[in-house]
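The first chain written gets the first letter, and so on, giving A, B and C; residue counts start at 1 in each chain.
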Amino acid sequence: MRKRSLLAFFLVGLLLLSNTLMAREETTVEVMVLSGVTGLSFLPLLEEKPVIEPGIKINYTVISSPDQMRAKIISGEADIATVPTNLAAILYNNGIPVQLAAITNWGVMYVVEQGSRINSWTDLRGKTIGVTGKGSTPDILFRYFLTAHGLDPERDVQIQYYPTPVELAHLAIAGKVEIATLPEPWVTEVMSRNPGFRVCLDYQEEWERLEQRKESYAQSALVVQTALAQKHPDFLRKFLQQAEAANNWVVKNPAAAGELAKTHIMISDAAASAAIPRCNLRFKEAATVKAEVEYYLAKLLSFQPQSIGGKLPDEGFYLQK
Amino acid sequence: MIAINPIEFRLNRITKAYGKLQVLGGLSFEVKTDRIVAFLGPSGCGKTTLLSLIAGLKTPDSGEILGMENKTLSYLFQEPRLLDWLTVAGNLSFVLKGRLSGEELTKRIDYYLQHMEMLAYRNVYPRRLSGGQRQRVAMARALAYPSRLLLMDEPFKSLDLGLKYELINRFLGLWASEPRTVLLVTHDPKEALLLADEIYVLSEKPAQIKGYHQISVPQAQRQLTDLALLQLEQEIIRELIEQ
Amino acid sequence: MKASTCKNNLITLGSLLVLVLGWALAAKQAGKEIILPSPLVTFQHLLGLLSSAHFWRHLSATLLRGLTGFGLSFFMGLLIGLLSGLHPPFKTFFQPWLTAIRSTPSMALILLALIWFKSNAVTLFVTFLVVFPIITQNVSEGLQQVDPQLKELARLYQVSTSRVIREMYLPAILPYLATGAAAGLGLTWKVMIAAEVVANPPLGIGTQMDLARIFLQTAEVFAWTIVVIMISLFFDRLLTSLLRRRLFYWE
């Protein structure tokens, strides 16, 4: 009898010991995604939170403002994050130890209008347009396209900036803004809740027309802290695989993804499901699309050098496989 | 020779109280035009209140004041009450601009300043003047102002003896050339004796008239050492002490 | 007299030198330019700013709006202050409004104005609201301090109301007005820039500061900050010299 209780005691002790040993080894990885398209592509992961590697706990956070995201990356709070691609370049060029791991989605920007007076970029002359993401892709490309059509962004139009697409979308729905630049899925959301709106201009079309390229512009990126890539390369490899799988799943299952969208990123399920086909979701690891990314960044560099941090990021920017 | 002057104004049974404190307990008298009338009394007996009522700054609780409607008056206070940011001449024109202008204004200012021997200081700011000089400017202002009545509330109180008598002389000089009815409130019998045609001695609160005296000697001929004046002074002091 | 001002100037210079040295050391500690740029880099950016054309456009836009806002505050403050001082019922009437405005944090005002107005108007509106109570308060207090004996004098000598205001009240409140104006002007620039950062008018220093922040150009943010400090100092000196000559000349 005593032998058995001793054995039981010993086994429990071993269990506890192994548990504490494992606990000491457990690392937490903070993954932060922006609400909006990048959030969309991560929905399955947000919902299921699969264990990718034992001993590594993953925390997912949805952030609504690119400003906040930027702060979290600089402070090191975010280990893996989605950001506009140009912001990734700025961070890298300014010595923040992050690298580009993948592009999560390509161009998804549109200009919507309450009415039907705008049929070409030149029709924007003299109008007031709500733009989100000052200093990031939607803003820079918008001004680039205006210039390409002979309009001076500072004199010929009135640009009113809003910190995040969420606010601009709500104002559009309320009818307080007449013309706005918005990404999907917000475009569909706005049009479904305020039928007066329609898509009048398409960034992607314009990019293709002006740049004569097959691939759209690399809008959103997934970055990782270099420290993480060095300490847990296996984990990272598996994570990227999971992210790609999640991305593909969302594209193939828009209805189910829509349901998840309602819970995690607060976009109505109907709008999300409808928007997904237009979201240009294509997960591509950085090393494979380096040329496209460089082309896009070079374009931004030529138009507004500060938008990518003053220079093209070097080789080290792109995470090697 | 005493001229028979018409009545300037009259007070009938004036009373005034501040809360429970009865300050004036039924005063009646009349003042004739161009006479200098002095009100003598212990400090705090309500003399200033009396002047305020006559000036229209306050209203009596009962009784009536007749003849003060539409009368312009000048006021000379115990403190000079000059505006620090205006020059001496500026202080005079501050009150005079409403009544005079242009050359007439300048001439009148200069005339009165000269007679107060302050003309040299016409462009000086009050902060640079002594107390006595400031009171001279205030007096020039009060006299320059074309008024029917001049009310003076202990104007010589804060001056030392030498300055006091100097100022009294200057005042009498100007008053003689441009007579007007003058009410003088003071606690100093000597001032009253030098200046007044009539003297009312007032009691403590509630103030009532305790004594009345007339002086027929013209001011210019009075000396403090005159026997008659000295005797009158004794009488007045006795009245003042017996409260 | 000369020796002591010379000494004071040396001390000021020394103090500034210590400040810059401390800054340089801290920058070196921080390492990255986007966290804390060194004085040298900041200065380079400043020179770059001063030589660019768009700098002057943004500067003049902010200056124009700032001075307009301040000017409005000044005149409205003077008016309401005078009214309040001359008629106590007015003062009682305005008191709760002024208290409410003064207690509201500037940022709250900016955010609310953002909902109601367009960006340019937001900056003007907020600047006006923040500075106006200061002027009013100062004028009101100055009027209260006017010697009641002088007021009585003016009444007895039947001086007209307009002249009492012009020749008695205005000079009397001048020192208070000057203090209020100096405080208000300093605050104008602070609030104006904050409002510009949030409201983002097309032209403005705050807008440019915000843009620099978004692009992580911290050195540029510092450079703009120095510009604003210079503006504030410049106008403060201007105000002081204008008023010193007219103030207390009678002492």
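The rule is short, and it goes like this: a residue touches a chain if its C-beta (ideal position, glycine included) is under 8 Å from a C-beta of that chain, and two chains touch if they have at least 3 such contacts.
The model shown is predicted, which means the values in this text are computed figures rather than measured ones.
Engineer: Averaging each chain's C-alpha atoms to get its centre, pick out the one most distant from chain B.
Structural biologist: The most distant chain relative to chain B turns out to be A.
Engineer: What chain lies closest to the overall centre, CA atoms only?
Structural biologist: Located nearest the centre of all protein C-alpha atoms is chain C.
Engineer: Between chain A and chain B, tell me the centre distance in angstrom, where each centre is the average of that chain's C-alpha atoms.
Structural biologist: 91
Engineer: Can you check how far apart chain B and chain C are, centre to centre, with Cα atoms defining each centre and the answer in Å?
Structural biologist: Distance between chain centres, rounded to whole Å: 51 Å.
Engineer: For chain A and chain C, let me know how many angstrom lie between their CA-based centres, rounded off.
Structural biologist: 41
Engineer: On chain A, where are the residues touching two or more other chains?
Structural biologist: In chain A, no residue touches two or more other chains.
Engineer: Which of the residues in chain C come into contact with chain B in the complex?
Structural biologist: 147, 149-150, 152-153, 155-160, 163, 167-168, 171-172, 249-251
Engineer: Which positions of chain C touch chain A when the two form their complex?
Structural biologist: 31-34, 118-119, 200, 202-203, 210-212, 214-217
Engineer: For chain B, which residues count as touching chain C in their complex?
Structural biologist: Of all residues in chain B, those touching chain C are 55, 57, 72-75, 77, 79, 81, 83-86, 94-95, 97-98, 125-127, 145.
Engineer: Please name which positions on chain A make contact with chain C in the complex.
Structural biologist: Per the touch definition, chain A meets chain C at residues 67, 70, 74, 90-91, 94-96, 134-136, 154, 158-161, 306-307, 309.
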